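Each of the next two complexes has chain A plus one more chain, namely chain B in the first and chain C in the second.
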Partner chain A sequence: MDKKKKGKIISIFLIAIITLFISWILILLVGTSFTKACSGFYKGILGSSYNISEVLVKMSPLLLCSIGISVAFQTNFINIGADGQLYIGAIIATIVAMYFNLPTILVLIIALILGFIFGGMYSLIPGILKSKFGISEVINTIMLNYIAIGITGILVKTILMDKSGYFPMSPEIEASFPIIIGKTRLHLGIIISIVLALVVQFWLDRTKSGFYIRAIGQNVRASRCAGIKINKNILISAMLSGGFAALAGVFEILGVQHRLMVGISSDFGYTAIIVALLANNKPKNCILTSLGIAALQVGSLSMQRYAGVPSSIALLIMGVIVLLHLGNEALFPFLYKESK
Partner chain B sequence: MIALITSIIAAAIRIATPLTFAGIGEAINEKSGVINIGLDSIMLSGAFVSFYVCNKTDNILLGVFAGLISGIIISLFHGYLAIKGKANQTIIGLALNFFALGLTSFLFLVGFGTSTELPTCRIVSNISIPLLNKIPILGEVVFSQNIFVYLLFLTIILSYIIMYKTSWGISLISVGENPKAADTAGIDVKKTRYLACIINGLLGGLAGSYLTLAQLGFFMENITNGKGYMALVAVILGKRNPLGIFLAALVIGVADATQIRLQTAGIPLPSEIFTMLPYFVAMIVLLFSIKNNKDPLALGTPYERNAR
Partner chain C sequence: MNLVSMKGISKSFFGVYANKDVDLEINSGEIVALLGENGAGKTTLMNILYGIYQKDDGILKIKDDDVCFKSPKDALKYNIGMVHQHFTLVPSLTVEQNITLGENFKGYPFLKTKDREAEIAKLSKEFNFAINPSELVKDLSIGQQQRVEILKLLYRKAQILILDEPTAVLTPQETESFFEVLKKLAKQNCAIILITHRISEVLKIADRVVVLRDGVKELDDKTKNLNKNTLSKAMIGRELKKQQIKYVPRKEVGLSLKNLSSIGIGRNISYFNFDVLKGEILGVAGVDGNGQKALAESIVGIRKYSNGKIFIDGEDITNLSTAKRKESKIAYISDDRHHDGLLLNYSVEENLLLKGDASKKYYKKGVLSKNILSQDATSKIDEYKIKTYSSKTPIRLLSGGNQQKLILAREISEETSVVVAFQPTRGLDVGASESVHDKLYQKQKEGASIVLISTDMDELRKMSNRILVIHDGMIMGIVDNDQNLDITKVGLMMAGSGVKNG
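Take a look at the complex of A and B:
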């Protein structure tokens, strides 16, 4: 057991070294100097307080989506639909802001509550299809991503369209979450999402209903024998995961972008899967991994500007890290061999 | 009207071809007990490598060959982590999709730059089979297609024979249903599963080649755009039977071909109403296919000889 723990720690260092080595080769492949690329990366994430805040702005939706995905993955509900659920939250936020004539504070609160409910309901569709009919949630959640984007597209061309403009987008929304640091885009959502991560972790670790969720992920058969209602808990985890992803959408509309259109999510829902996987499906670990992944994305964008390295390098590096992380026992067997 | 239907079905076959190739590969993989959600990664790498080689050498055959190899490499990597590493197969497939998307986008930009002119490659031409192409409707739908489509018909027949009429096919199914019994009977479980992975990579790579070398003639980021997942729908819907998968892919193909027609028909509705159609059809059709779900019993579980 001790050996295993030690192996895990060494494997983290190995993964870091291999990842750095691969990035070095990739940057050489582009034909720019490694130091130039690195300084571009550094400037992008730590160059000024604005850059730091941009990392945190990116981190917020990733964290919210990954909290939900972690809960879903705990019951083996492989929710790939966070992106679609995020759009549902964004649609709800836009509708509330456009059609509910209420003071800002009420608009914000109602948008969060309704967003959570509708996102949860949207995620219940694949949840019910899985638990009642046994249809793969992987496929249904992906189909629902395309459908949610389609619905967004239809709405911004019809009832939610900005009539004064020509483009398919909603009018600018005035209601906004408070900005916590002046002159940046950093809104209250980041604090709320960090708090939520800790709350959900506490719920999973310290409450009975949270224990059921974890137990199902460990061993479905044992849980069923112990009298845990499997289907009900899968539905709960599906609903929660959709709800959290939808919150990310609400914050994107009312905190950052203030206009609904197709493309508000830069694949947050998909990237959040990587965040959750690297966090071993633990919401509290998601805080750090989402920060890391957000920094990687923001940094690589700046690396593209400064050194001409395509920003898709971020996705590639994430893929490498996740594969090494998931397969580390097969790829580094020498770390786990029992010494006789 | 008949001309319209004919052209829609002909287009549906062209859309169904890559889904069927990848779907049959995945079906064989799943029959052996290994599920690979990362079909998209296999197709994407096949599409990119085929395009790259064909663009540089102007040789379609070489391009297809390189695409197959790349597909096999990706699928074997999945197989290695699943069979040897005993990792969660679904999750690894998912991770491979991210990896392949990043890798192909990066290499594409590095290899071709961001010029405004889209780099292109040669594509295979349609071959009309003499006499047969004169048959009304069927002639245009079936006998005036490109070489990949004919290859597809051959693959459907061959894979059907291999899966249901050969002893290897029986080993394949037994390894997926009850690996322990298969092992006791002297079947090499790991070897059978690896071979299934190779076939999956081969057919998935071919599906990718089809996209760039037969359908489009160019490459762009995320060119598969979820086709790997559509192929998975076809696998479930077709109950892992090659002919069933082809018919399922045709249903998706007809939905897609119809929505493209409707989009260009000038109906004053948002185009998204039509683009959503294939995804709706996929979900609804899945809902009606759930009766007698016959997943291989050992699907997704790694085999351990000494486990109880």
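Take a look at the complex of A and C:
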């Protein structure tokens, strides 16, 4: 097993090298110098404290969504609906901020709680459809993404619309999570998400209910034989999953964007699937992988500005990393040969 | 005539020898039993002969041709055929279609089914198989299906037949008639290699016995020079323990089923009525797939009922969930440990947690205590002699016997009132089986009611106080397991009182 662990670590380096090589080729194809592109990338993520904070701002929703996705994937509930659940959280946060006339601190707390609950309920829909009727959650969660976006679209043209403007968006929301580094957009959400990742990891590893969740993902049949209630636990994981994704929406509205509109999520819910996959569905690993993916996205945007390399290169690279990661035991069999 | 000659065959996996320097000669018209425990290397050796594996070293000669088969296709060219433990037939096709499946035949694309059916019927008659080529395979009994497998090989002109554990799925009667078939084949100058670990059958049918142990040939002699003790000694390196005197159960009833019928996928049980006393082992005999799984699952509570009641110590548990039942001390050892009992990627320790609500003792205030868990794991590894590198080793790296011991350790080490042991020794070698049996005896002495479901008659005779015979989801009868037990009668009951004599 030590051999296996060692193999995993070496494979990470190999993947990094292969990825760098492929990016080098891609950048050459665009016709830019590699060093120029790299310095653009570097400036984008580490150039100043503002740049660093932007990476972390991007990381927070990715991390929250990927915690949720990890929990769902642990029971083999394939939740593709984090994006929709994020929108539900955002809607709830907007409603709470607009209609609850309360001190800011209470608004924030109530938004978090209600957002979590409603996000959880939203993802219970595919959960119940799966456990009661055996309907594939993959399709349902994707469809519910469009529904959530549709609901947002209707709301920002009606009850949540900014009456003073013409655009389909909510008025600017005053209540805001505290900014932790001055003159940046970095809010408290990042700390809460990291703490949550660790707490959820602890729950999975060290409690009975967490063990049940993991056991079901490993072997449903054996879990049933051991007396674990399968449907109940799948529903729990579906609900938690939706709840965490919705928290990302709450933070986006009350921490970063302060206005609800269609398009607040730049595909966080989908990118988070990659984050969770690379983290092997472990919330604590999601901290690192979400940081990496956020840096890749922010850096590639800056690369586009400085060196004219299209930022879609980030998507290509993510694809390469995922493929190499998923296929790594087949691609590098020499690392895993168990010399028993 | 010397058909197969293997000299100094060696084969290793990851540096461990599965076969080392094995010599084997097989003559035409001879039935050779290849005997050995699980992992002794018998299947590896035969897979080399059949072209599934390639030898590392040594010489393999078929009728004086030096060969090295790349695949079973090459082996078939040299008239070698193998019948696997699990049949490779298509149930919805006819016998003729199954036999000629994938063959290139004259007159393509016209099927000429009639001609080929006649050909197969002729072959079947030659060996007294009593198989109708136009019948669907799914309508045949297991014994008949096995004959179709053999017929398939004969049709492809196989002369050397390798049979992997052929009697595991047969009733005693079917086994008898199967042996007749083998004798007939031998008379027609076929060579038959029988892979098995059942000593009593070897003595009955084989002309010559080859025993492998740890990949090395331990013994090679004519059957007439051998007996049970010499064989078991060669196989496991020591003599088998003396049969224990049966423990006399207490008078109180432990487990009781009243008119229990199950509903669910596959074969179900209907109207099951029986009591198991405390300290009693009730053996359940029957051909595989006659409702054994439904019985086990009904007692454990995984399967739902359509009617009837079930009691433990007089308490009605009919409506209790599996979790609650496990709390009231039912232990379940499943026939399929990989699917029903283990989380293969998880460690030995974590697999101990897989016991529903009964795993409370590992948690302190709701948080898993790694200390308690690893201490308990270590003590269980010692007590049950589980061979593992550490308690953190993933369970999939352990051998089948050690995995089974872990399940036993998890399920029966606490106080238990009912044990459902469903084929607890399936796939285990003699040594591991013995230790499983010892643990069950121990449970029996502690007063547990044990339901032992098995397809191995020897195991049932050794262990049980009474034997219940199951056929087609119904109880055919319950007989006392003593000297007067009429094995023929049990066999007929297993076959549905002779109704469906394969």
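The definition used in the following text is that the second predicted complex is superposed on the first by the 333 of 340 C-alpha atoms of A that agree within 3 Å, B and C clash if a C-alpha of one lies under 4 Å from a C-alpha of the other, contacts with A are read in each partner's own complex, and residues count from 1 in each chain.
Quick note on the criterion: contacts are C-beta pairs under 8 Å (C-beta built on N, C-alpha and C of every residue); 3 or more make two chains touch, one makes a residue touch a chain.
The structure presented is a predicted model; accordingly, all values stated were derived computationally and were not measured.
More residues of chain A are touched by B (comparison of chain B with chain C). In the superposition on chain A, A:Gln218 makes contact with chain C only, not with chain B.
By the touch criterion stated above, A:Gly319 is placed in contact with chain B alone, chain C being left untouched. Applying the stated contact rule after C-alpha superposition, one finds that A:Lys157 touches chain B and leaves chain C untouched. In the superposed pair of complexes, A:Leu254 makes contact with neither chain B nor chain C.
Residue contacts after overlaying the shared chain place A:Val298 against neither chain B nor chain C. When both complexes are overlaid on chain A, the residue A:Ala226 reaches chain C alone and has no touch with chain B. In the superposed model, A:Ile135 makes contact with chain B only, not with chain C. In the superposition on chain A, A:Arg206 makes contact with chain C only, while chain B stays out of contact range. In the superposition on the C-alpha atoms of chain A, no part of chain A is touched by chain B in one complex and by chain C in the other. Here chain A touches chain C in the complex through residues 1, 205-208, 211, 215, 218-219, 221-229, 338-340, going by the rule given at the top.
Contacts from chain C toward chain A in the complex involve residues 14-16, 300-302, 321-326, 332, 334, 339-346, 350, 353-360, 363, 366-368, 392-394, 397. Contact residues of chain B toward chain A in the complex are 37, 80-81, 84-88, 90-92, 94-96, 98-103, 105-106, 109-110, 221, 226, 229, 232-233, 236, 270-273, 275-276, 279-280, 282-283, 286-287, 290, 293.
By the touch rule above, chain A contacts chain B in their complex via residues 26, 29-30, 78, 80, 129, 133-136, 138-140, 142-144, 146-147, 149-151, 153-154, 157-158, 270, 273-274, 277, 310, 312-320, 322-323, 326-327, 329-331.
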